[in-house]
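Next up: the structures, one after another.
Both of the next two complexes hold chain A, though its partner changes from chain B to chain C.
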Partner chain A sequence: MVNDVADQTAALNQPTGLPRLLPLVPGVPEDLRTHLARYGRPPLGDPGRLINAVEQAGLTGRGGAAFPVYRKLAIVARARGRKVIVANGAESEPASGKDGLLLRAAPNLVLDGLQLAAEAIGAGEAYLYLHPGVSPEILRALSQRAAAGLDRVSVTITEAPPRFLAGQESALVNRLGGGPAVPTFTPPRVTEAGLRGAPTLVQNVETLAHVALIARYGPRWFRALGTADEPGTMLTTVHTEHGAQIIEAEIGVPLRTLISQDTDVQAVLIGGFHGAWLPAAALGTLALSNSALNSHQAALGAGVIAALPADRCGLAEAARVVRYLAAESAGQCGPCLNGLPRMAAALAELAGRGHRKQTRADLERWAGLVTGRGACNHPDGTVRFVRSTLTVFAAEIGLHARGHCSATDRTPFLPLPDRMPLTEDDWT
Partner chain B sequence: MRDTLRVNPIACTGHGVCAELLPELISLDEWGFPLVDPGPVPPALDLEARRAVAACPALALKLTRTDAPRPVRPR
Partner chain C sequence: MTGTTAFWYASRATGVVALLLLTAVLVLGILVNRQGRLPGLPRFAVTSLHRNISLLAVAFITVHVLTAVLDTYVSIPLVSGVIPFASGYERLWLGLGAISFDLMLAMIITSLVRGHLNRILWRAIHLLAYLCWPVAFAHSIGSSRDLQHGWLLDLAIGCALVVAAAVLWRLASAARQLPRAARVAAILAQHGPHASRQASDRQAQERISR
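On to the complex of A and B.
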């Protein structure tokens, strides 16, 4: 049950509106002093209350899977013995920048959430998993908090390799254990047997920041923004012809409100490279929510929204992305290792001029063959992206088949690493 | 109780022994990796299924109890 008295007491100092997570003055990171002035101290010392509050708040994971947060908390809380918690900040999607910004702009909120969740599940070990150099601010926050005696569980930082799958839950646990950041076969799930066999709670850093606010202000406050099914706010990374921007948005707002009106959009990529293309018309009708997007075979994922300008070639963009995704296969599962490079080559052919007749059928067949046959969701996510490409850019495929392309600007739009990775590159 | 065949795709190296021993439920894709019937193993094929599991040189083929829920994978 929600503690109503505490909920009402907190109501006196509850912040309203946006932003909840990001600094009130954009671009000015908060240090511990300004953080405490804005939010107060994290309410540690009442571990029984948090999981219920998170359940009633309806918070879902912000790392991409939108899994109910309280369920993972409750599973690990119920387990006995040594337990581990990990704040996952290894944002590995090239098109997403929201976790990196959060870690720089509001590191204390993430660390509050980590401590609160650690206390709620009874974890004695806490880790922060990050790409190197992403947030000097988090190191400063950790030392300021140590000096202030704020944290009960000490936090170990582990660096993630620059790989697309580095943040996948089982890959993360492998890396923390000293191995390469490659996925493992489930079961067991990491909540049952994770780091060195201990039940392990892995939560995205933005998820933990929301936990830190729910612990302070209660579920009713959390639900004041968002929809009934998908409450709260989320960080999005929005790409348009004007560049990339991180926006903290209320879930359920029209997608159109995230993209400036003066952009001429051809199609929208929702949910990143494991996400789906939607036609530009979707911008006018759909909301920023999984319930709206799921009926269009799309999902919010980690909040990447890329509005492809009208003068670019969607096929060329998709071909570059799938070539990257194929290179980012861990190479462990036969169907992914064999299928993704072939799909990438086929898509490159469709993006060229005058493809062979069977190429499209090959691509469809390989998409079917790799689906559901990986240890992780890399093949399935890649297939989602490829299938939506074939649907949304069907007319463009026809144009290319006849030797034409509608694009007038060949500058790459979707962000990818400068150097294409190799499957056999280092994963540690 | 009925069992279901499952492949650990990381362990599987595509020997193809399983498809040879149990063609009724397992075929190979164009790269030599097994495509396994997702349904419960019919009682008439129970023995063959156990033989295929035992014969897998990579220990990648497993029989799992059908009443156990399929694992979900939060990313």
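On to the complex of A and C.
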């Protein structure tokens, strides 16, 4: 409850303002000693309270889907028998760096959240799923915590392949089970039958970090920042012509405040490669929240915000991205396997000079055909990106049709890996 | 032609058409499974054809069963359309017909609610098609004197040959199938010029890997 006694007693030494998750000294990772000095020990031993507190706090998943966290917690808590919890740190989005940074800078907050959530749902097995580069910091944190006797459930680290879909829930469960990180059809959901059939709770690492704070300071504290519908803060990865920056922002702040004023922006990509482009004009009016963005067919996703500089070509950027997304199809569902490469080729044609007359119509038709036809939302997310490209860069498409391009700088802007998967090993 | 012989003829005719439709459904299903195409049709149209013809076949089979029951020359109880071996007349052959009809209903019902079903369960039930067609074929030949000679026999043999060829093609196609991980690269290579990523993408990637 909001008026919980524990909530009020905690109010005595609650931190205020920003940042909540990131280190107080920017760029200096917090080891266990600084972590405990800043937040105190995780309040384990009161598992009945956490799910209620998370519900009151209104915390939503920070991995991209913004699903209410308490509901997933409650579903797995209700299940009987062996249960599994996974902290998902394998942010698959090449343009997102926030989970990697959080794991390096505040590993103990994530691990606190993992232990608290494990206790709340009664999980006997805990996993941390992440990309290889982060492991040393986590291993150090785990050994320090073991020495301090902080953790009740031992944590197994599993490394994710560098695939766009590797962090998708069912792909993650397949990988933990020893198979390739490819999605499977639902049902069953992983909360019902996940790792080796056990009900499995998969939460993004940032989500778990918020859980660790809600457990300490209560839902009222959590709601002190953010909006009534979307409380709290979120980690964003903001790309401008000056480079990428990870910012912990209060939900609901004007988007413009995240992008330095001296940049000349022509369009903004919100929500990453499964997200949507918005015209630069939207920057002035929109807030960092799903309720504000939904009316523009956009969503925050995992918090990627890329401000495309005025001197780049949005079509060329979009064509590179869709090519990448097509290459990252798991190759299981026909519409995705066959449709995405066609869409990528058509977009590349639009990004070139003087495209065929029917190419744009083809692209819209294929977009309709692949939507809703995959085991995961890869085709749907790709279509969202493509459709917004066609809308926001409509004028640029006309320019290219006549053999021109408004860009003066041809350097790629959005970050993309340079290697596509070719064998099964690339998926494990 | 009296009223009752009209039922008899209608039952024969719908039975023959149903056999042709079931053959088409099986062949189209194999095409869908192997992601094959028909000349002049996009891939998704093959899926729609497979679905719609399967529903059409069930409509024909329903008429086929009802007219056989309504025909009073021999007595066939209505329940024998779905309950195997419930008919005194041609117990074995009509029983096979009921079994194949039940299998069809199982496949269609599980397909209609596929979004709520476990994919492995749906697939296991759908594999029953390879049992359903031969059983329906045996029912056709066994219970109909017409199909045992003349051009209707030729038609039946034609259907069997088409199904045998489609199944063999399916097995051969599965044997030479690319491993899952290699499929995407193969299809990407067919579309568009830059099959391999440009090295310049690396610069942009470095901005974020810190």
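Basically, the second predicted complex is superposed on the first by the 418 of 428 C-alpha atoms of A that agree within 3 Å, B and C clash if a C-alpha of one lies under 4 Å from a C-alpha of the other, contacts with A are read in each partner's own complex, and residues count from 1 in each chain.
Basically, a contact is a pair of C-beta atoms (placed from the backbone, for glycine too) under 8 Å apart; a residue touches a chain by one contact, two chains touch by 3 or more.
Since we're looking at a predicted model, the values are computed, not measured.
Undergrad: Do chain B and chain C fit side by side on chain A in the superposed arrangement, or is it a clash?
TA: Pair status: clash.
Undergrad: After superposition on the shared chain, which partner residues are touched by A:F185: those of chain B (first), chain C (second), both, or neither?
TA: After superposition on chain A, A:F185 lies in contact with both partners, chain B and chain C.
Undergrad: Looking at A:P335 after the superposition, I want to know if it touches chain B, chain C, both of them or none. Which is it: first, second, both, neither?
TA: In the superposition, A:P335 contacts both chain B and chain C.
Undergrad: For A:C376, using the defined touch cut-off, is the partner it touches chain B, chain C, both, or neither? Pick first, second, both or neither.
TA: First partner only, chain B.
Undergrad: So, A:G243: does it touch chain B (first), chain C (second), both, or neither?
TA: second
Undergrad: Counting residues of chain A in contact, which comes out ahead: chain B or chain C?
TA: The partner that reaches more residues of chain A in the superposed model: C.
Undergrad: In the overlaid three-chain picture, which partner chain does A:R360 touch, first (chain B) or second (chain C), both, or neither?
TA: The answer is neither, since A:R360 touches no partner chain.
Undergrad: State whether A:K83 touches chain B only (first), chain C only (second), both chains, or neither.
TA: Neither partner.
Undergrad: Of the partners chain B and chain C, which touch A:G64 in the superposed model: first, second, both, neither?
TA: first
Undergrad: Contact-wise, after the overlay, does A:D426 reach chain B, chain C, both or neither (first, second, both, neither)?
TA: second
Undergrad: In the combined picture, which part of chain C sits where chain B already is, 8-16, 44-52 or 152-160?
TA: Residues of chain C that run into chain B: 44-52.
Undergrad: Residue by residue on chain A, keep only those touching chain B in one complex and chain C in the other, then list them.
TA: Comparing the two interfaces on chain A, one with chain B and one with chain C, the shared residues are 184-185, 187, 332, 334-335, 338, 369, 375.
Undergrad: Within the complex, which stretch of chain B touches chain A?
TA: Chain B residues touching chain A: 8-14, 29-33, 35, 71, 73-75.
Undergrad: Under the stated contact criterion, what part of chain C meets chain A in this complex?
TA: It is residues 35, 42-44, 116-119, 179-185, 187-188, 190-194, 196-210 of chain C that touch chain A.
Undergrad: Within the complex, which stretch of chain A touches chain C?
TA: Result: residues 94-95, 97, 133, 180, 182, 184-185, 187-188, 237, 239, 243-244, 320, 323-324, 326-332, 334-335, 337-338, 341-342, 344-345, 348, 369, 375, 411-424, 426-427 of chain A touch chain C.
Undergrad: Give the list of chain A residues in touch with chain B in this complex.
TA: 61, 63-65, 67, 72, 168-169, 183-187, 189, 332-336, 338-339, 369, 373-377
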